[in-house]
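The chains carry the letters A, B, C and D, assigned in the order they are written, with residues numbered from 1 in each.
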Amino acid sequence: MVSYSNHKDDVLKRLRRIEGQVRGLQRMVENDTYCIDVLTQVSATTRALQSFALQMLDEHMACCVRDAVAEGGAEGDVKLKEASDAIARLVRS
Amino acid sequence: MVSYSNHKDDVLKRLRRIEGQVRGLQRMVENDTYCIDVLTQVSATTRALQSFALQMLDEHMACCVRDAVAEGGAEGDVKLKEASDAIARLVRS
Amino acid sequence: MVSYSNHKDDVLKRLRRIEGQVRGLQRMVENDTYCIDVLTQVSATTRALQSFALQMLDEHMACCVRDAVAEGGAEGDVKLKEASDAIARLVRS
Amino acid sequence: MVSYSNHKDDVLKRLRRIEGQVRGLQRMVENDTYCIDVLTQVSATTRALQSFALQMLDEHMACCVRDAVAEGGAEGDVKLKEASDAIARLVRS
(Lines give C-alpha, C1' and ligand atoms only; values in the text may rest on other atoms or scores of the structure.)
Protein backbone atom coordinates (compact mmCIF):
# COMPACT_ATOMS: atom_id res chain seq x y z
CA MET A 1 0.00 0.00 0.00
CA VAL A 2 1.22 3.44 -0.89
CA SER A 3 -0.29 6.66 0.43
CA TYR A 4 -1.73 7.70 -2.95
CA SER A 5 -3.39 4.37 -3.83
CA ASN A 6 -6.94 5.56 -3.16
CA HIS A 7 -6.70 8.59 -5.45
CA LYS A 8 -4.22 7.45 -8.06
CA ASP A 9 -6.26 9.02 -10.88
CA ASP A 10 -5.84 12.51 -9.43
CA VAL A 11 -2.12 11.96 -9.02
CA LEU A 12 -1.80 10.76 -12.62
CA LYS A 13 -3.92 13.64 -13.89
CA ARG A 14 -1.61 16.07 -12.17
CA LEU A 15 1.46 14.44 -13.68
CA ARG A 16 -0.13 14.46 -17.14
CA ARG A 17 -0.73 18.18 -16.78
CA ILE A 18 2.98 18.64 -15.97
CA GLU A 19 3.86 16.47 -19.00
CA GLY A 20 1.63 18.83 -21.02
CA GLN A 21 3.61 21.80 -19.70
CA VAL A 22 6.89 20.18 -20.81
CA ARG A 23 5.43 19.46 -24.24
CA GLY A 24 4.27 23.08 -24.34
CA LEU A 25 7.90 24.08 -23.79
CA GLN A 26 8.90 21.99 -26.81
CA ARG A 27 6.31 23.72 -28.98
CA MET A 28 7.58 27.09 -27.80
CA VAL A 29 11.12 26.15 -28.83
CA GLU A 30 9.94 24.76 -32.20
CA ASN A 31 8.19 28.11 -32.84
CA ASP A 32 11.28 30.14 -31.91
CA THR A 33 9.56 31.68 -28.89
CA TYR A 34 11.53 34.40 -27.18
CA CYS A 35 13.91 32.96 -24.52
CA ILE A 36 12.43 34.98 -21.67
CA ASP A 37 8.94 33.64 -22.40
CA VAL A 38 10.29 30.08 -22.47
CA LEU A 39 11.97 30.75 -19.11
CA THR A 40 8.70 32.00 -17.60
CA GLN A 41 7.08 28.68 -18.54
CA VAL A 42 10.04 26.71 -17.17
CA SER A 43 9.56 28.49 -13.81
CA ALA A 44 5.84 27.63 -13.85
CA THR A 45 6.63 23.97 -14.59
CA THR A 46 9.20 23.84 -11.79
CA ARG A 47 6.66 25.24 -9.36
CA ALA A 48 4.07 22.67 -10.50
CA LEU A 49 6.58 19.85 -9.84
CA GLN A 50 7.35 21.29 -6.40
CA SER A 51 3.67 21.48 -5.47
CA PHE A 52 3.24 17.89 -6.66
CA ALA A 53 6.15 16.81 -4.46
CA LEU A 54 4.82 18.69 -1.43
CA GLN A 55 1.42 17.03 -1.76
CA MET A 56 2.93 13.56 -2.11
CA LEU A 57 5.18 14.18 0.89
CA ASP A 58 2.22 15.43 2.91
CA GLU A 59 0.20 12.34 2.22
CA HIS A 60 3.17 10.07 2.82
CA MET A 61 3.71 11.59 6.25
CA ALA A 62 0.01 11.58 7.17
CA CYS A 63 -0.26 7.94 6.16
CA CYS A 64 2.88 5.74 5.90
CA VAL A 65 5.04 7.63 8.41
CA ARG A 66 2.14 8.14 10.82
CA ASP A 67 1.10 4.48 10.77
CA ALA A 68 4.64 3.19 11.22
CA VAL A 69 5.29 5.51 14.16
CA ALA A 70 1.91 4.71 15.76
CA GLU A 71 2.69 0.99 15.61
CA GLY A 72 5.84 1.61 17.64
CA GLY A 73 9.13 -0.18 17.04
CA ALA A 74 12.09 0.64 14.82
CA GLU A 75 10.09 0.96 11.57
CA GLY A 76 8.77 4.38 12.62
CA ASP A 77 12.31 5.73 12.96
CA VAL A 78 13.29 4.31 9.58
CA LYS A 79 10.31 6.04 7.97
CA LEU A 80 11.06 9.35 9.71
CA LYS A 81 14.68 9.24 8.56
CA GLU A 82 13.60 8.45 4.99
CA ALA A 83 11.16 11.38 5.01
CA SER A 84 13.85 13.74 6.36
CA ASP A 85 16.22 12.73 3.58
CA ALA A 86 13.51 13.27 0.95
CA ILE A 87 12.77 16.71 2.43
CA ALA A 88 16.46 17.65 2.26
CA ARG A 89 16.56 16.64 -1.41
CA LEU A 90 13.48 18.78 -2.12
CA VAL A 91 14.81 21.83 -0.27
CA ARG A 92 18.15 21.58 -2.08
CA SER A 93 16.74 20.93 -5.56
CA MET B 1 16.33 35.41 -33.93
CA VAL B 2 16.42 33.67 -30.57
CA SER B 3 19.60 32.66 -28.81
CA TYR B 4 18.98 28.92 -29.27
CA SER B 5 18.10 29.00 -32.98
CA ASN B 6 21.40 27.48 -34.14
CA HIS B 7 21.16 24.43 -31.86
CA LYS B 8 17.43 23.93 -31.53
CA ASP B 9 17.77 20.15 -31.87
CA ASP B 10 19.87 19.94 -28.70
CA VAL B 11 17.38 22.09 -26.82
CA LEU B 12 14.47 19.91 -27.97
CA LYS B 13 16.36 16.72 -27.13
CA ARG B 14 16.90 18.01 -23.63
CA LEU B 15 13.21 18.86 -23.21
CA ARG B 16 12.20 15.44 -24.57
CA ARG B 17 14.41 13.82 -21.96
CA ILE B 18 12.63 15.85 -19.26
CA GLU B 19 9.27 14.80 -20.75
CA GLY B 20 10.54 11.20 -20.49
CA GLN B 21 11.30 11.78 -16.80
CA VAL B 22 7.74 13.04 -16.20
CA ARG B 23 6.33 10.01 -18.03
CA GLY B 24 8.59 7.83 -15.90
CA LEU B 25 6.93 9.39 -12.85
CA GLN B 26 3.52 8.37 -14.24
CA ARG B 27 4.69 4.78 -14.69
CA MET B 28 6.00 4.76 -11.12
CA VAL B 29 2.60 5.90 -9.84
CA GLU B 30 0.77 3.34 -12.03
CA ASN B 31 2.97 0.61 -10.53
CA ASP B 32 2.35 1.77 -6.94
CA THR B 33 5.98 2.72 -6.44
CA TYR B 34 6.87 3.73 -2.90
CA CYS B 35 6.25 7.47 -2.31
CA ILE B 36 9.84 8.18 -1.29
CA ASP B 37 11.17 6.69 -4.54
CA VAL B 38 8.69 8.79 -6.54
CA LEU B 39 9.89 11.88 -4.62
CA THR B 40 13.53 11.10 -5.44
CA GLN B 41 12.63 11.13 -9.14
CA VAL B 42 10.64 14.36 -8.75
CA SER B 43 13.75 16.01 -7.26
CA ALA B 44 15.85 14.76 -10.19
CA THR B 45 13.30 16.13 -12.69
CA THR B 46 13.21 19.51 -10.93
CA ARG B 47 17.01 19.70 -11.10
CA ALA B 48 16.93 18.83 -14.81
CA LEU B 49 14.45 21.67 -15.43
CA GLN B 50 16.63 24.08 -13.44
CA SER B 51 19.74 23.15 -15.43
CA PHE B 52 17.78 23.62 -18.63
CA ALA B 53 16.69 27.08 -17.47
CA LEU B 54 20.22 28.06 -16.46
CA GLN B 55 21.59 27.07 -19.86
CA MET B 56 18.88 28.98 -21.71
CA LEU B 57 19.45 32.05 -19.53
CA ASP B 58 23.20 31.81 -20.12
CA GLU B 59 22.80 31.77 -23.86
CA HIS B 60 20.21 34.52 -23.76
CA MET B 61 22.57 36.80 -21.84
CA ALA B 62 25.59 35.93 -24.00
CA CYS B 63 23.60 36.62 -27.14
CA CYS B 64 20.40 38.74 -27.00
CA VAL B 65 21.30 40.81 -23.92
CA ARG B 66 24.90 41.24 -25.00
CA ASP B 67 24.02 42.37 -28.52
CA ALA B 68 21.35 44.82 -27.34
CA VAL B 69 23.70 46.38 -24.79
CA ALA B 70 26.58 46.55 -27.27
CA GLU B 71 24.38 48.42 -29.76
CA GLY B 72 23.75 51.11 -27.14
CA GLY B 73 20.41 52.80 -26.61
CA ALA B 74 17.46 51.95 -24.42
CA GLU B 75 16.97 48.41 -25.75
CA GLY B 76 19.95 47.16 -23.74
CA ASP B 77 18.37 48.34 -20.49
CA VAL B 78 15.05 46.72 -21.40
CA LYS B 79 16.82 43.42 -22.03
CA LEU B 80 18.79 43.64 -18.77
CA LYS B 81 15.61 44.32 -16.80
CA GLU B 82 13.85 41.38 -18.46
CA ALA B 83 16.76 39.08 -17.65
CA SER B 84 16.77 40.25 -14.01
CA ASP B 85 13.08 39.51 -13.68
CA ALA B 86 13.52 36.05 -15.18
CA ILE B 87 16.39 35.37 -12.75
CA ALA B 88 14.21 36.41 -9.79
CA ARG B 89 11.50 34.00 -10.95
CA LEU B 90 14.05 31.18 -11.21
CA VAL B 91 15.60 31.86 -7.80
CA ARG B 92 12.16 31.98 -6.17
CA SER B 93 10.73 28.92 -7.95
CA MET C 1 10.15 20.80 26.00
CA VAL C 2 11.53 21.57 22.56
CA SER C 3 13.48 19.08 20.48
CA TYR C 4 16.75 21.01 20.76
CA SER C 5 16.68 21.58 24.53
CA ASN C 6 19.38 19.00 25.30
CA HIS C 7 21.93 20.49 22.90
CA LYS C 8 21.01 24.16 22.86
CA ASP C 9 24.68 25.22 22.94
CA ASP C 10 25.37 23.53 19.60
CA VAL C 11 22.31 25.16 18.06
CA LEU C 12 23.36 28.59 19.35
CA LYS C 13 26.94 28.07 18.16
CA ARG C 14 25.65 27.30 14.70
CA LEU C 15 23.47 30.43 14.66
CA ARG C 16 26.38 32.56 15.90
CA ARG C 17 28.46 31.25 13.01
CA ILE C 18 25.72 32.31 10.59
CA GLU C 19 25.60 35.73 12.31
CA GLY C 20 29.37 35.90 11.72
CA GLN C 21 28.79 35.21 8.02
CA VAL C 22 26.27 38.08 7.80
CA ARG C 23 28.73 40.40 9.58
CA GLY C 24 31.38 39.22 7.13
CA LEU C 25 29.08 40.37 4.33
CA GLN C 26 28.90 43.83 5.95
CA ARG C 27 32.71 44.05 6.10
CA MET C 28 32.88 43.05 2.43
CA VAL C 29 30.49 45.87 1.51
CA GLU C 30 32.37 48.36 3.70
CA ASN C 31 35.56 47.43 1.85
CA ASP C 32 33.95 47.78 -1.59
CA THR C 33 34.35 44.10 -2.35
CA TYR C 34 33.46 43.12 -5.90
CA CYS C 35 29.70 42.34 -6.21
CA ILE C 36 30.26 38.80 -7.50
CA ASP C 37 32.40 37.94 -4.47
CA VAL C 38 29.72 39.34 -2.14
CA LEU C 39 27.14 37.20 -3.96
CA THR C 40 29.25 34.06 -3.50
CA GLN C 41 29.22 34.67 0.25
CA VAL C 42 25.46 35.33 0.23
CA SER C 43 24.94 31.93 -1.42
CA ALA C 44 27.12 30.27 1.24
CA THR C 45 25.13 31.99 4.01
CA THR C 46 21.82 30.92 2.46
CA ARG C 47 23.05 27.33 2.31
CA ALA C 48 24.13 27.49 5.97
CA LEU C 49 20.65 28.70 6.96
CA GLN C 50 19.04 25.90 4.95
CA SER C 51 21.21 23.25 6.60
CA PHE C 52 20.33 24.71 9.98
CA ALA C 53 16.61 24.51 9.12
CA LEU C 54 16.91 20.93 7.86
CA GLN C 55 18.62 19.83 11.08
CA MET C 56 16.01 21.53 13.27
CA LEU C 57 13.20 19.98 11.22
CA ASP C 58 14.84 16.57 11.45
CA GLU C 59 15.06 16.73 15.20
CA HIS C 60 11.56 18.13 15.51
CA MET C 61 10.13 15.21 13.52
CA ALA C 62 12.22 12.59 15.35
CA CYS C 63 11.13 14.01 18.69
CA CYS C 64 7.99 16.18 18.95
CA VAL C 65 6.13 14.77 15.93
CA ARG C 66 7.14 11.20 16.72
CA ASP C 67 6.06 11.40 20.36
CA ALA C 68 2.72 13.04 19.56
CA VAL C 69 1.90 10.43 16.91
CA ALA C 70 3.00 7.53 19.14
CA GLU C 71 0.68 8.75 21.92
CA GLY C 72 -2.26 8.51 19.52
CA GLY C 73 -5.07 11.02 19.39
CA ALA C 74 -5.56 14.20 17.41
CA GLU C 75 -2.34 15.88 18.56
CA GLY C 76 -0.28 13.68 16.23
CA ASP C 77 -2.21 14.92 13.21
CA VAL C 78 -1.85 18.53 14.30
CA LYS C 79 1.92 18.08 14.59
CA LEU C 80 2.15 16.35 11.19
CA LYS C 81 0.19 19.17 9.53
CA GLU C 82 2.40 21.80 11.19
CA ALA C 83 5.53 20.01 9.98
CA SER C 84 4.14 19.77 6.43
CA ASP C 85 3.45 23.50 6.38
CA ALA C 86 6.96 24.27 7.64
CA ILE C 87 8.41 22.01 4.94
CA ALA C 88 6.40 23.81 2.24
CA ARG C 89 7.75 27.16 3.49
CA LEU C 90 11.32 25.83 3.36
CA VAL C 91 10.96 24.35 -0.13
CA ARG C 92 9.45 27.58 -1.45
CA SER C 93 11.93 29.95 0.26
CA MET D 1 34.14 51.02 -8.42
CA VAL D 2 31.47 48.59 -7.41
CA SER D 3 27.81 48.87 -8.40
CA TYR D 4 26.63 49.63 -4.87
CA SER D 5 29.19 52.33 -4.05
CA ASN D 6 26.75 55.23 -4.34
CA HIS D 7 24.23 53.77 -1.90
CA LYS D 8 26.41 51.72 0.41
CA ASP D 9 24.47 52.87 3.48
CA ASP D 10 21.25 51.27 2.20
CA VAL D 11 23.07 48.04 1.45
CA LEU D 12 24.61 47.99 4.94
CA LYS D 13 21.28 48.81 6.56
CA ARG D 14 19.72 45.87 4.79
CA LEU D 15 22.47 43.52 5.92
CA ARG D 16 22.18 44.80 9.50
CA ARG D 17 18.48 44.00 9.41
CA ILE D 18 19.34 40.43 8.30
CA GLU D 19 21.92 40.25 11.12
CA GLY D 20 19.11 41.31 13.47
CA GLN D 21 16.96 38.46 12.16
CA VAL D 22 19.74 35.94 12.87
CA ARG D 23 20.17 37.37 16.39
CA GLY D 24 16.40 37.09 16.79
CA LEU D 25 16.74 33.39 15.98
CA GLN D 26 19.31 33.06 18.78
CA ARG D 27 16.95 34.70 21.28
CA MET D 28 14.18 32.35 20.18
CA VAL D 29 16.44 29.35 20.85
CA GLU D 30 17.58 30.76 24.20
CA ASN D 31 13.90 31.10 25.19
CA ASP D 32 13.04 27.54 24.13
CA THR D 33 10.75 28.75 21.34
CA TYR D 34 8.79 26.01 19.65
CA CYS D 35 10.77 24.50 16.71
CA ILE D 36 8.10 25.29 14.12
CA ASP D 37 8.14 28.99 15.07
CA VAL D 38 11.93 29.04 14.83
CA LEU D 39 11.65 27.44 11.37
CA THR D 40 9.17 30.10 10.21
CA GLN D 41 11.72 32.77 11.10
CA VAL D 42 14.52 30.84 9.37
CA SER D 43 12.42 30.83 6.16
CA ALA D 44 11.86 34.58 6.48
CA THR D 45 15.60 35.16 6.94
CA THR D 46 16.43 33.00 3.92
CA ARG D 47 13.99 34.98 1.80
CA ALA D 48 15.53 38.26 3.01
CA LEU D 49 18.99 37.01 1.98
CA GLN D 50 17.65 35.97 -1.44
CA SER D 51 16.06 39.38 -2.03
CA PHE D 52 19.31 41.03 -1.01
CA ALA D 53 21.19 38.85 -3.52
CA LEU D 54 18.71 39.57 -6.31
CA GLN D 55 19.02 43.31 -5.78
CA MET D 56 22.82 43.17 -5.77
CA LEU D 57 22.81 41.03 -8.92
CA ASP D 58 20.40 43.44 -10.60
CA GLU D 59 22.59 46.42 -9.91
CA HIS D 60 25.72 44.53 -10.89
CA MET D 61 24.22 43.66 -14.28
CA ALA D 62 22.79 47.16 -14.86
CA CYS D 63 26.16 48.69 -14.03
CA CYS D 64 29.36 46.60 -14.18
CA VAL D 65 28.17 44.03 -16.77
CA ARG D 66 26.44 46.66 -18.89
CA ASP D 67 29.44 48.99 -18.97
CA ALA D 68 31.91 46.20 -19.78
CA VAL D 69 29.73 44.92 -22.64
CA ALA D 70 29.10 48.42 -23.98
CA GLU D 71 32.85 49.09 -24.12
CA GLY D 72 33.26 46.05 -26.36
CA GLY D 73 36.17 43.63 -26.16
CA ALA D 74 36.68 40.45 -24.15
CA GLU D 75 35.92 42.00 -20.74
CA GLY D 76 32.19 42.01 -21.48
CA ASP D 77 32.20 38.25 -22.02
CA VAL D 78 34.17 37.68 -18.83
CA LYS D 79 31.62 39.72 -16.88
CA LEU D 80 28.67 37.89 -18.48
CA LYS D 81 30.20 34.49 -17.64
CA GLU D 82 30.84 35.59 -14.04
CA ALA D 83 27.23 36.76 -13.69
CA SER D 84 25.91 33.49 -15.13
CA ASP D 85 27.95 31.50 -12.62
CA ALA D 86 26.69 33.65 -9.74
CA ILE D 87 23.09 33.15 -10.94
CA ALA D 88 23.58 29.36 -11.05
CA ARG D 89 24.89 29.45 -7.45
CA LEU D 90 21.84 31.47 -6.35
CA VAL D 91 19.34 29.22 -8.13
CA ARG D 92 20.95 26.10 -6.66
CA SER D 93 21.33 27.44 -3.10
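To be clear about the criterion, a contact is a pair of C-beta atoms (placed from the backbone, for glycine too) under 8 Å apart; a residue touches a chain by one contact, two chains touch by 3 or more.
It should be emphasised that the depicted structure is a prediction, and the values quoted were computed from it without experimental measurement.
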item: From chain D, the most remote chain by mean C-alpha position; value: A
item: Cα-centroid distance, chain A relative to chain B, in whole angstrom; value: 18
item: Approximate Å spacing (C-alpha centroids) for the pair chain B, chain C; value: 29
item: Rounded Å distance between chain A and chain C, as computed from the means of their C-alpha atoms; value: 22
item: Chain D residues counted as touching two or more neighbouring chains; value: 50, 53, 57, 83, 90, 92
item: Pairwise touch network: line, ring, star, complete, or other; value: ring
item: Pairs of chains in contact (touch as defined earlier), listed by label; value: A-B, A-C, B-D, C-D
item: In the complex with chain B, residue positions of chain A that touch it; value: 1-5, 8, 11-12, 15-16, 18-19, 22-23, 25-26, 29-30, 32-36, 38-40, 42-47, 49-50, 52-53, 56-57, 59-60, 64, 82-83, 86, 89-90, 93
item: Touch list for chain D against partner chain B, complex; value: 50, 53-54, 57-58, 61-62, 65-66, 69-70, 72, 76-77, 80-81, 83-84, 87-88, 90-92
